[in-house]
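Mind looking over this structure? Questions follow.
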Amino acid sequence: MIGSTQAFERTLVVAPHPDDEVLGAGGTMAALTQAGCSVFVAVVTTGKAPDFDMRQVTTVREECARAHEKLGVRETLWLDQPAARLSEVAHVELNAALSGVVDAVRPGALVLPFVGDIHMDHQLTFLSGLVAARPHGPKFPPLVLAYETLSETNWNAPYLSPSFQPNYFVDISSTIDLKLDAMAAFSSQVRSFPHERSIEALEALAVMRGVTVGCAAAEAFVLLRNVINFELA
Amino acid sequence: MIGSTQAFERTLVVAPHPDDEVLGAGGTMAALTQAGCSVFVAVVTTGKAPDFDMRQVTTVREECARAHEKLGVRETLWLDQPAARLSEVAHVELNAALSGVVDAVRPGALVLPFVGDIHMDHQLTFLSGLVAARPHGPKFPPLVLAYETLSETNWNAPYLSPSFQPNYFVDISSTIDLKLDAMAAFSSQVRSFPHERSIEALEALAVMRGVTVGCAAAEAFVLLRNVINFELA
Amino acid sequence: MIGSTQAFERTLVVAPHPDDEVLGAGGTMAALTQAGCSVFVAVVTTGKAPDFDMRQVTTVREECARAHEKLGVRETLWLDQPAARLSEVAHVELNAALSGVVDAVRPGALVLPFVGDIHMDHQLTFLSGLVAARPHGPKFPPLVLAYETLSETNWNAPYLSPSFQPNYFVDISSTIDLKLDAMAAFSSQVRSFPHERSIEALEALAVMRGVTVGCAAAEAFVLLRNVINFELA
Amino acid sequence: MIGSTQAFERTLVVAPHPDDEVLGAGGTMAALTQAGCSVFVAVVTTGKAPDFDMRQVTTVREECARAHEKLGVRETLWLDQPAARLSEVAHVELNAALSGVVDAVRPGALVLPFVGDIHMDHQLTFLSGLVAARPHGPKFPPLVLAYETLSETNWNAPYLSPSFQPNYFVDISSTIDLKLDAMAAFSSQVRSFPHERSIEALEALAVMRGVTVGCAAAEAFVLLRNVINFELA
Amino acid sequence: MIGSTQAFERTLVVAPHPDDEVLGAGGTMAALTQAGCSVFVAVVTTGKAPDFDMRQVTTVREECARAHEKLGVRETLWLDQPAARLSEVAHVELNAALSGVVDAVRPGALVLPFVGDIHMDHQLTFLSGLVAARPHGPKFPPLVLAYETLSETNWNAPYLSPSFQPNYFVDISSTIDLKLDAMAAFSSQVRSFPHERSIEALEALAVMRGVTVGCAAAEAFVLLRNVINFELA
Amino acid sequence: MIGSTQAFERTLVVAPHPDDEVLGAGGTMAALTQAGCSVFVAVVTTGKAPDFDMRQVTTVREECARAHEKLGVRETLWLDQPAARLSEVAHVELNAALSGVVDAVRPGALVLPFVGDIHMDHQLTFLSGLVAARPHGPKFPPLVLAYETLSETNWNAPYLSPSFQPNYFVDISSTIDLKLDAMAAFSSQVRSFPHERSIEALEALAVMRGVTVGCAAAEAFVLLRNVINFELA
């Protein structure tokens, strides 16, 4: 059976910037690795001088390594596009970068940032990710999801931007602590409550998404495409 | 100035069933009464035999009285329509009931349940509330908002039902405790975590809505209509 | 693991009228029964005199039995509501009927008609089906899908009715013949090409849905809710 | 050629209440009759005692006759359903009433009120009108449009009700005076400016819709369905 | 009468890449030329080295010439923008290119690719095409339509990208063979079934769009704007 | 109290090009300055050679000065980005330009052009304006609105572009004359009726928006975000 949750056996989470993948899917990643699945992360951008302080860039990369270790990530792939300037990268180049990583990993499940996030890097990553996942050829990912990101998804324009209305929930009751722990590893990125990018906010979000489907903590996603074949079990 | 937050000086919150008004706007109601505004609540339905146990109906009404006292509600109006059976009431009759209470209270701010809630009583209350607020004649409410209700708003169909995308936030950092206290007064209605209708869920929702706009707790609304006249100050 | 395709092990397909379930999900049903899953069908309405000719009602029921036998349906449940008059049934009663069958079958996957279909019986069946599937309590279905129905889904109002934008596809390459065969069993319901309710139309739809995801025939669905727990494997 | 503007040669405008057809399509009706086309109006409801004063009902019917005479309406058909209480009429009965008039007139163009209007009579008339126009059988109308109604279309819920986003415009520069004249004939229904149902409002709307497409006055519609066959010229 | 199907007498179909116009509107083009109308095609992009193999570019252009000959296209205009890199062309330049061709052809009907297609070249062509068709000045096209493209329109994000919900259908029962023949002329572009860009898929789509409106084959469009003046007959 | 109409005490209106601010919010600006509030205007772009004639650019700037004087604008800030070529400016640079002016003015109310306008300069100004208004840090604007612009908002794609469905209205009955006067000051920009950018069109729009909420003239807005704190009175 393909296109089922077996699709998760090889999962690729795409992060526009380091920490987005933890904010959106950290608990799911931990649950998957605990269940024996392989989780890959592709980080699309890197901060470049002079926009970014290189020491800070190094710090974030170290934080990211620690976070991914906690979550059991098998491999982190750095696409090295310019942070905050994805709109200056030719669309075909970004498509090629994303297609390259999809071809290299051949995931069953592809997990993207959300097209309605206020950050244009997120929007463009989504669009090129969807191009990379086009359902033709022998090996497209049968499951494509989009995650939400605190301080991005809620700050776009109500009723005018594409809206995040989750239809896919993963119970992370047993991995929420790992998720918060991984996020705490990004100490340079975490903000103090009541900022949206605080540990308290992340916990409240997990509770809210959880109670919506009757569990103590969950991560919520929008399904883009799921292709099922009951014969390929 | 009309149509401003001065509109809140006389606020009418409409609840399809007792406790909806607390779930959706309890913190705002407390903040308003503390600021000297008059808050009215119209409860649209009452449980009727044999659908409902009359002792339970009496219990809920007593719980409601205690909750409203905590929040400083000036007056609670009971429209006495049949609970869970609003769709069996003639549409003109429900319109008349809502118009009657709007005419009696003459609110500056009218606060309705959300049309996208899964419970049809909520949908029909919204529709008739909007009819009652039509912007003609000398005294229509210049501000109309819709609130969200745990275990109703999140359980409807993503991308198919009208979606709650909040654009109006009230900081309830200093009244969140009163709100939770008022909800706790509905002890027959509160469920244990991780049910959506638990105190913990209500608190997580307040945090989530708060951090979205940089405060520790908030209630979120969708604006239906706001009419401003800068001369009528 | 729950909420996965294992959810399909016990599948309940809800049909407003006999044949809707075949039009929308016949190939999936056949694939499921071939894979050893249990498929139940709930038929919501029955034609009643004088609206319907009783001989015709009997005929359809016999056709339905033959169709379900071809597809391997384990059990067909008749809810016996009045056909074409669901809007005259009290909403709570229809909710109760749907909740009753969900409680009796306890499906992992619940498959509903689409809320945007032009036939009000379809819309109301969807709404009550979603109420019956509310995600609380110990045993709600972790997977809820909506199917499309020829001569209903395409005939509603573009951009005004809820739109069917499929995100969930089941490969029915190996069961499309069974599906067409089952539909042909409804000889009183099938129309001649180029009517939408013709065998040729059903085949073209299967091809169109298939090629969209790279297979020769598919059925397409809109996902309403999927809840996954990787621990419950 | 069918499905073209030749479809207008036999046009049926459906009005939930007398005067809706003039507000929404009066200028188009006048332009059509001047061009030699046949325009029929179906008025769905009639005010009934005790909801309505029978003298007022008679007055409106007389006003309607005068207005239709000015516009050159060929025939006015009264469906005699209860005004403001269409939601109490069985859905199949309203379908039958609309299908009856469509079958009797066999229009090429069917012009309906808008599903997003705040008045439920408008919504239900639209829904049953669309059922009556289902594109099967030998004689369905190849062109279906929806018009806007002052004091109905603008008063529904922004971003939550179906929205009127016009894509079809008829230049009424040479018939706007006739339209305003016909509306003035409904002296019992016209309100004083600045009410939405005033002559001044109707004129401003015509100007707004006109300038959007470069003419001095227009009526705007939403296209529901247009079927073209270039061979049937 | 302008703005009617007479608008089709001079029709301009815009193709981001050669073959899009055939996939989306080939049957309509053939029907129009058979009815004596003039059909122009503007091909927006050309493959450029090193992105594209120049022999392949030459091949496609020859295939295009053969296809257009089959369909009776009066003139093919090549705008020669860089294929797959329209997002690197300044927006004003693309606007100018589209406005130039609209000014040169002065079409009554302008037929564009769809803004919700997954290929950014399609989206940008649509946007600049709509700018070129702005309804002011003496000679804007009174009819603007958007067509669907296999392997583009169905592969974008459900509920997040603009959705193709057709409201305008052209019966191509008598020209479907010509359409398939024209598409077959693009032998370098056609893929084997079950790829979306196969002849079988194109035929199934024509059947599906046809049966929706009761004919054996149709092409479906979304109406952007239609301006009618009954006096200009 | 913050986030109330007190937010208007310091209002920043953002215009992609000079005159957009008058078309969309001129009457509100006049009403605010008459009420003693401070109104700032940021003009994002300037025409540059060779796209624009420098004498015309100088003329428009003088017209703008006269218009702003009529309306009582306290200060006009020129961001000097290239007109009609905002899409060629790096997104981070436009963000920085908008954030700079928001930081400098620290408005309570931020009034932006609409994201669904057909002109890409409008869309990009909206997006960067929303980034500049992100609700974190000590001083974000508690009220963010979007205005409509004749010849931009109505010319985008119905049901495909973000739609302007106003929920926020300002009564400009007493300042409509000032608004029309200010627009007339842009004599190089005003077009003759029936162009959308004519004085007559602007007046008709004010009447239409007014009657929708029962006053003689109004400006309509879409609310993006309003944050209220009843304690900060």
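Read from first to last, the chains carry the letters A, B, C, D, E and F; within each, the first residue is number 1.
Simple rule for what comes next: a contact is a pair of C-beta atoms (placed from the backbone, for glycine too) under 8 Å apart; a residue touches a chain by one contact, two chains touch by 3 or more.
This is a predicted model, so every value here is computed, not measured.
Asks: Could you report, rounded to a multiple of 5°, the rotation needed to superpose subunit C's C-alpha atoms on subunit D?
Replies: To map subunit C onto subunit D, rotate by about 120 degrees.
Asks: Between copies subunit B and subunit C, are the contact residues mostly the same numbers or mostly different, with half as the line?
Replies: Both copies touch with mostly different residues.
Asks: Take the average of all CA coordinates in subunit A, do the same for subunit E, and state the distance between these two points in whole angstrom.
Replies: The computed centroid separation for subunit A versus subunit E comes out at 36 Å.
Asks: Report the inter-centroid distance (CA atoms only) between subunit B and subunit F in whole Å.
Replies: 33
Asks: Would you give the residues of subunit D that are in contact with at least 2 other chains, written as numbers and ranges?
Replies: Within subunit D, residues 135-136, 155, 158-159, 165, 167, 195-196, 212, 214-215, 222, 224-225 contact more than one other chain.
Asks: Any idea which subunit E residues touch subunit A in the complex?
Replies: Within the complex, subunit E contacts subunit A at residues 51, 84-85, 87-88, 118, 120, 151, 155-161, 191, 195-196.
Asks: Show me the residue ranges of subunit F that touch subunit D in the complex, using the header's touch definition.
Replies: Counting only subunit F, the residues touching subunit D are 150, 154-155, 158-159, 163, 165-167, 193-196, 198, 200-201, 203-205, 207-208, 210-212, 214-216, 222.
Asks: Show which residues of subunit E lie in contact with subunit F when the two form their complex.
Replies: Against subunit F, the touching part of subunit E is residues 90-92, 115-116, 126-127, 130-131, 134-136, 162, 165, 222, 224-225.
Asks: Quick check on the complex: what are the subunit C residues that touch subunit A?
Replies: My answer: residues 1, 3-6, 8, 31-32, 34-35, 135-137, 140, 167-171, 174, 212-215, 218, 223-231, 233.
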